[in-house]
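All chains are identified by letter, namely A, B and C, in their written order; residue positions are counted from 1 within each chain.
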Amino acid sequence: MNCRDALRLMDSVMDGTAGPEQEQVLHFHLAGCQACKRAMQMNRDISRLCREMPRPEPPSDLESRIRARLAALPAEVHAEHRRRNRVAIALPFVAALLIVLGLTLGSRPGTTAVDAAEAVRKVAVAAQGAAKYTVTTPPLAAYARPASLISF
Amino acid sequence: MFHALALLAAVAAGVTSSPVVTIRREGSPGITELTTGIAISSHHVITLNAFAAGPSVPLVEVDGQYLEPDTVYSSEGLGLAILVFDGRPFTSYASPAGSLPESGDLLTLAGQGVGGLVSIGGRVMRIYEDGAVLVSAPRMDGLMGAGAFDSDDELVGLVNGVITTRLESTPAGSAEHLAILPSPSWSVWADLVMAGRWASSTPFGVTATACSSEDADERPSGVLIVAVDDGSTACRCGLRPGDLVVSLDGERIYNPETMRGLLLSAGDSLDAVVWFHGNSRTIKLAPLR
Amino acid sequence: MAVRLVRGRRREPDPRSDAELMIALCKGDDQSFTEIIRRFQDPVYSLLIRMLGNEDEAEELLQVTFCRVHRYREHYDTSRPLITWVLTIASNLAKKEWRRRSRWLQIPLDNVTLTSPMQTAPHYDAGRRELKASLEEAIDKLPPHYREPFLLREDQQLTYEEISEVLGIRIGTVKSRINRARALLREALSEAWERWK
């Protein structure tokens, strides 16, 4: 077992998700590897210190504040959608705009993909009365397998 | 200007920043090319190599201004480039996903189109023989080089082309998918570029290329060793010309840049599964220092 | 401003299980809400304050969290642990706050070595206190997507499955993020740990 695997296994052992055979494998590695042994000790110490860290105290009048807030809320709407897990089909942080100036290409049988892409590649944009300039974006090209040669 | 529209819509939507950035270059005179870059740190942007190479300097748009990168690192092998900037201009950035997506996963593809930001959903179909992730999504302007994000907003990869596969079952006889270069293939390289730890004092001693196979049963895809230097680390580890390195430490590799990155960032020797004329063996590769 | 609660305060701990409390709350038992607040205010506040970094915002979101627990009480699935449901609400609120303020920009992704505070605070006593203070600072410097699963594991002692549920990410992602958080902390605290040993 190498150090990369050992470091990963360390987490499982610490968090109690590793089986006894796996723990043994880790211990064999630790017996012979100073770096990983040190890492494991550090992990354990960090974990213990985390548990000993002072827990910040919430305000003592929390409950009354919460109840006051609840009382001030409008009547509940029970027609909420039930959400067990975070539904993340919506766009995460991309501005949810789809300004595509009619450039959607549906899958039309018979249209060669590359031709169609070329055909809509160039769109002339007038820039507020100034001289026209052409703005392009690279077309979707046929996938080319990388075939580089490097020496290292 | 379309950028003003995008900004207005963004402000209206309550989203003030995004890791998807616009890269702008002057092509032939009179032609401005807009492409997509994804910020992966406060001062690094990753994009397809084709968009950053060439005589024209790629400029990245931030808050209406165009910034010139300080340095551009490119990898011919991966087909990617990382633009490095002075200061920390990017307020929002994405982290590369640590693992491959699974078939059926829904991804968001976001890229720079002519009219503004383009964003669509796509479903992961399968992993291609050479490690690309195939996604079914409609073809649209702005998707070349677009970033693919998963439901955790992590960067799954970059769109680098369209693959047409033959399918007897469909009337057209073929299906088109977008190919995504997945982050596990390049995140090690990107991490090393961002940490500035790209040099090694001794070379490993190989010349290698990506070698992908159409028929996985006949021969797997992997990194083909073309030459091994005498007396080098690679030679001592047992690598020979003609060897096809298929996986390192259990992870499939398809690109020599990935192999190099893994060797550079390894703390200890890596287990390599090597294929040669129908036989496979496992050898230990010492890390690059 | 603080309204004194006139209801009698129970001295003995409420023996009901979390699920029973929620069921009672749905039926209109107000006292169960007091108990729910009492049971979960510490872990929720702890998570919020370590994710947001300041008391005011943490207190605000702490209140909002419990308001939501009350408002959406009918939506709670009694077969799941209540702690994960409550923490999910808190975590989502904190995440929205992060995004709104783009606070994560302050932590560069390529900062592989988090600076050790020891270079700037020579007046700390050597030893345990130094390490503890460094630890708090190092955790604060962790990028939020590594910090959160790490806190849920070490602070709240949640299992990987529970963390996966709270954050809405795959278990594999939970493992790799915790692994990364620990690696970053080891790097940041290496010096202080040596001194303390």
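As a working rule, contacts are C-beta pairs under 8 Å (C-beta built on N, C-alpha and C of every residue); 3 or more make two chains touch, one makes a residue touch a chain.
This is a predicted model, so every value here is computed, not measured.
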Self-check item: Middle chain, criterion being Cα centroid separation
Solution: A
Exercise. Name whichever of B-C and A-B has more C-beta pairs touching across its two chains.
Key: A-B
Practice problem: Quick one: report the Å distance separating subunit A from subunit C, using the average Cα coordinate of each chain. | Solution: 19
Quiz item: Could you state the distance in Å from the CA-based centre of subunit A to that of subunit B?
Solution: 16
Quiz prompt | subunit B and subunit C: spacing of chain centres that average the CA atoms, whole Å | solution = 34
Exercise. Quick one: which residues in subunit A touch 2 or more of the other chains?
Key: 7, 86, 88, 93
Quiz item: At which residue positions does subunit C touch at least two other chains?
Solution: 99, 168
Quiz item: Of all residues in subunit B, which are in touch with two or more distinct other chains?
Solution: 15, 17, 92, 151-152
Quiz item: Along subunit B, where are the residues that touch subunit C in the complex?
Solution: 14-17, 40-44, 88, 90-93, 95, 97-99, 151-152, 154, 191, 194-195
Quiz item: Of all residues in subunit C, which touch subunit A in the complex?
Solution: 2-5, 34, 37-38, 41-42, 44-46, 49, 55, 58-59, 62-64, 66-67, 70-72, 74-75, 77, 88, 92, 99, 131-132, 135-136, 139, 153-155, 159-160, 165, 168, 175, 178-179, 182-183, 185-186, 189-190, 193
Practice problem: Under the touch definition given earlier, write down the residues of subunit A that touch subunit B in their complex. | Solution: 2-5, 7, 33, 35, 86, 88-89, 91-101, 103-107, 109, 113, 116-117, 120, 123, 125, 127-128, 133-152
Self-check item: subunit A residues within the subunit C interface of the complex
Solution: 7-8, 11-12, 15, 17, 39, 42-43, 45-47, 49-53, 55-59, 61-70, 73, 76, 78, 80, 82-86, 88, 93
Quiz item: subunit B touches which residues of subunit C in the complex?
Solution: 99-100, 102, 104-105, 108-110, 112, 143, 145, 168-170, 172-173, 176-177
